[in-house]
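Take a look at the structures below.
The same chain A turns up in both complexes below, where it pairs with chain B and then with chain C.
Our next item is the complex of A and B:
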């Protein structure tokens, strides 16, 4: 709400559903000014409270540990795409997505995450991630791809401070701020056979599927491979630990 | 390419026969609704024709041979042939690396009867765009030499392993070429090596260019047909992270024996998981152990070809859903059709249908559903 023209959409997601919390489905709530507060603030606050309540009370069965974040970001991208389609021509929109999450990111959503990140990159949407609990290596890659910020906050008590200082400024302003230093990105891939992150793997030359062990037939494109000759390793040195 | 001499009209033109008959006025005498419908149908049709095709052969090696001779200063393309070509080439490079993420490209220019290699084969597209931008100031002199350009490209393409596809793209503005010897020998050599040559002529058609393209153009495009397929061992380097310590100052292997800029001691970098040599950019082949080093996103860029999102079914709109699941657009009378995903049973609007299948490649409905988030069309 730095500018009156800025628009906000909030989504909530857990392992079962993803929903828009604001602007919610149906008509906007009837809002009257309370204590001199800006009406839009009141509207956001009331709508978010109401819709979050609905989501939290309807979900009673066991909730798994991981949220389906990739899908939620995909929905957000569709939403942004619609805004871009319907905007007045000539208007420039800087769109970004801030993800605040306490859940992990396992490789099971790998493909969805990657599709989402490359789409965001194409559409010039910045993805920021604020990790509350675990280190999220896939989402970190996403931030790196889309030029967003990744921050695993050291203390949960300071959440509001971090949100205000790190994630609130627009990307053009960020260059001028002293922000937490960029974290080194882990660019390991997940193999198709076991969905584990690997250092060295085998890649099919036809379809680029990744496998952690040599197999004679590609499970993705069914290409039969020739058995490789002895590898041309010049000299085997002992691994140097740095 | 080959059937151009056919007296019949081009195959792709037949789709546009009598298009005016398809346009009908609506009740108020407007054409817009009819035109919009045709566009809609065309978009859908294009999507449905996309087949699940997993044979890609994506490790392409392409040399762009650009004419920088006198002929490129002609102003029939605005502002000049060269500037126009460079602008388009820039888009081409971006698209090329977007679609073929671990492919490599090199640039050769031909001017003053010589060929000059501006960029070696490599995978860093920012570098190429920078180089192409720099070419705007090249002096356009003399005649090009097609043979010299091809020979130079061939010399470096020859050394590539058998699973890589090799291509040359020639952009010619000149109608003549000044060659040191018989160009037919070069052409047959290119054919023998399996290098696929394409020519974009900016002026009139030149016989030797057509012959070059016809002789070497293997149809279908350089996919897995003629190439050996193999599993390639690759490394996925990651930066060393030791909590609390600064990384040591080291030299990267790519700049270790050059004295140019960039050869500096740095802290960050990518380390080969096999021999721990350091590189400052990816993709690269490790100089000490020969392992191909890529980063996972390089590969992941192409996965949507393998696992396309499930296609949606077109359904007459009958208040099945209040709004589009993805973009939250509220369905109204104007939406004649809605689109249903057969995996997750969610309804989408036309715009989202196209966005999902053209760009996103992930169905938002499936991806937010715990039972379907790993489903793709190819597994159905």
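Our next item is the complex of A and C:
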């Protein structure tokens, strides 16, 4: 919308699948100018509506599980990687991912999220998150890692204004604009045993896995630890002797 | 003790150098010079609104999109608060751009504060372009499938061939068919070619060479601007043509569009575009046309360094080595001729040309009015993909680039500055006093004690006049200064006093062109 060179891809996901919505599978629709809207916009709009409809109607299960958000972001990164590979040499592409989600935080995908975020950081992809419903601390970490913006929409009526204001400008322009101040990022990690966010925990000294309770054998790398005894008080005595 | 070049008027300097250079306007510069009535008419078309929106500076785009859905004026202070404090200069510039283009205008909000409101036509039509809900564009009526549909690669080949035809004509190579008289007229009008004194045949000018060194999109855009200048003489409607052009630029490559419902003027315009390769039509009366890559996004030309994602640009063919050797893998006479503008060609083989960049060859190009920027731009644009494959930022050897720039700087050793010469001072004291004054005010450009001459700049000259008048007024209370730099008034009786004062305080050469205007009550001494 901002520049003729910009390209767009949209994906959707729920608890079962994540799918490309635009550009959709198969041939693009043959769109003719009908109501004065720019053809390409019409094409995007029609394709998105059609494919979203398809996804929503085929989804029948009533079992509630978490949305496969991490997987979808991974797919988006793959898409970006493919474009980067096929581009003409010498060309610079600034890519970014905007996640708009209404689902809750899912610590069960903690590892997937972190992998995705650090991959994005390595590839210089900015991840923005627009949370519609709940506060998402994991995704907020992701934004912080990749220099993206995290915003929880206070009023859903103002969604369009927020999207246009905060998420439309590209990262280089953002520093010139006054945007909502960054809130303190909650950098709590999820433990590997129960997938819960913890403040204080145990970290395996070999593989850096995080646990909320002490376990003698690390479940990730199978290192055996000694059971910690009570802390010894030895230094004081020595001092007196000397 | 001569003081050399204290005050330099850099602007005059650059103006002198660039006077003969090719002037490339972007869409903003072009539209700004159009009358507001035309702009208003243009904004009636969603395509133009979208094009203008996309060409705005980034912050301006942000402002527009934010107030696009606001139905009342927005206080200026609020708009200013959207931009970061440290970029306030950019903010004022952006506001100026938006006002210049009549995208928004000032409107008071109920509290009495000044506010901005978007031009209503612009707002409505930009919304239409983004969201739909308007009338269809003129060329969009439905067509049955073309049984001889053309694919993208065919269109690319076609447009490149047509455009190169024009370029070949400009350099006068005979290997292609000629171009129409119309196109020649545009080239002449644009100053890219001029009639030879001897036989009246068009020959390329220095601007023409600069034009050839531009990248293709910039070439098309520049050419079209010149074409649009002549459009009204041809009896075509400028607004209509511009609208069509922008609709074309927002069409999809490889799709066919209908000529149905187009006016006679537009059909002529379409034929011209066809000649330059902007659209493809199988037959003049085919009833459908295909836009080519040249027509798409014609306005993006000034976004330098943002190449289009697709395989748009023709393949690069130039390799530059650090020893100033240039290898060009091409068999086109045009490209060889262009390269020959600033390199010394050494060998020529069927598929490759070898040249060397020397001081002489570059200086010759510079003498021809080509700038180092243009040379470097051309090399960058046509660089061989092999040189880009490494992940380094400088695909071209930096030594070569720097050297080319240095060779250009070599030619700009003189600095031009406008000034006034003061000479024939009666005494050394007068000279010293004035020199000191000029030095204090910083307007002295050059002075020579022995010859009692000095050069001061223009503002200093005006200041000095004022100073002298003040002196006169101090000594002769009957003289009134009206605060005009070159006018004093005095009582009738003191007319002689006035002259005396001037004779005493002003250098002789200055008095000579003093003029007295006698009025009934207050005689005015004007000088």
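Throughout what follows, the second predicted complex is superposed on the first by the 225 of 242 C-alpha atoms of A that agree within 3 Å, B and C clash if a C-alpha of one lies under 4 Å from a C-alpha of the other, contacts with A are read in each partner's own complex, and residues count from 1 in each chain.
We adopt the following convention: a residue touches a chain if its C-beta (ideal position, glycine included) is under 8 Å from a C-beta of that chain, and two chains touch if they have at least 3 such contacts.
Because the structure is predicted, anything quoted here is derived from the model rather than measured.
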Partners on chain A (chain B, chain C) - clash or fit: fit
Touched partner set for A:208, first chain B, second chain C, both or neither: first
Touched partner set for A:223, first chain B, second chain C, both or neither: first
Chain A residues touched by each partner, larger count belonging to chain B or chain C: B
Chain B and chain C, minimum CA distance [Å, superposed model]: 14
Common interface positions of chain A, toward chain B and toward chain C: none
Of all residues in chain B, those that touch chain A in their complex: 54-59, 102, 163, 224, 227-242, 247-248, 268, 270-271, 273-276, 282, 288-292, 294-297, 299-307, 322-329, 351-352, 355-356, 359-370, 373-374, 376
Residues on chain A engaged by chain C in the complex (per definition of touch): 1-5, 7, 32-42, 45, 87-91, 93, 160-161, 164-165, 168-170, 173, 175-178
Parts of chain A lying in touch with chain B, wherever the complex brings them together: 13, 15-18, 20, 23, 25, 64, 68, 70-72, 74-75, 77-79, 81-82, 85, 108-112, 114-119, 122-123, 141, 145, 184-190, 198-211, 214-215, 218, 220-226, 228, 231-234, 237, 239-240, 242
Chain A partner contacts - residues on chain C that touch it in the complex: 46-47, 50, 54, 58-59, 61-62, 65-66, 69, 81-84, 87, 90, 125, 128-137, 139-140, 142, 250-252, 296-297, 300, 303, 306-309, 311, 383, 385, 388-389, 395
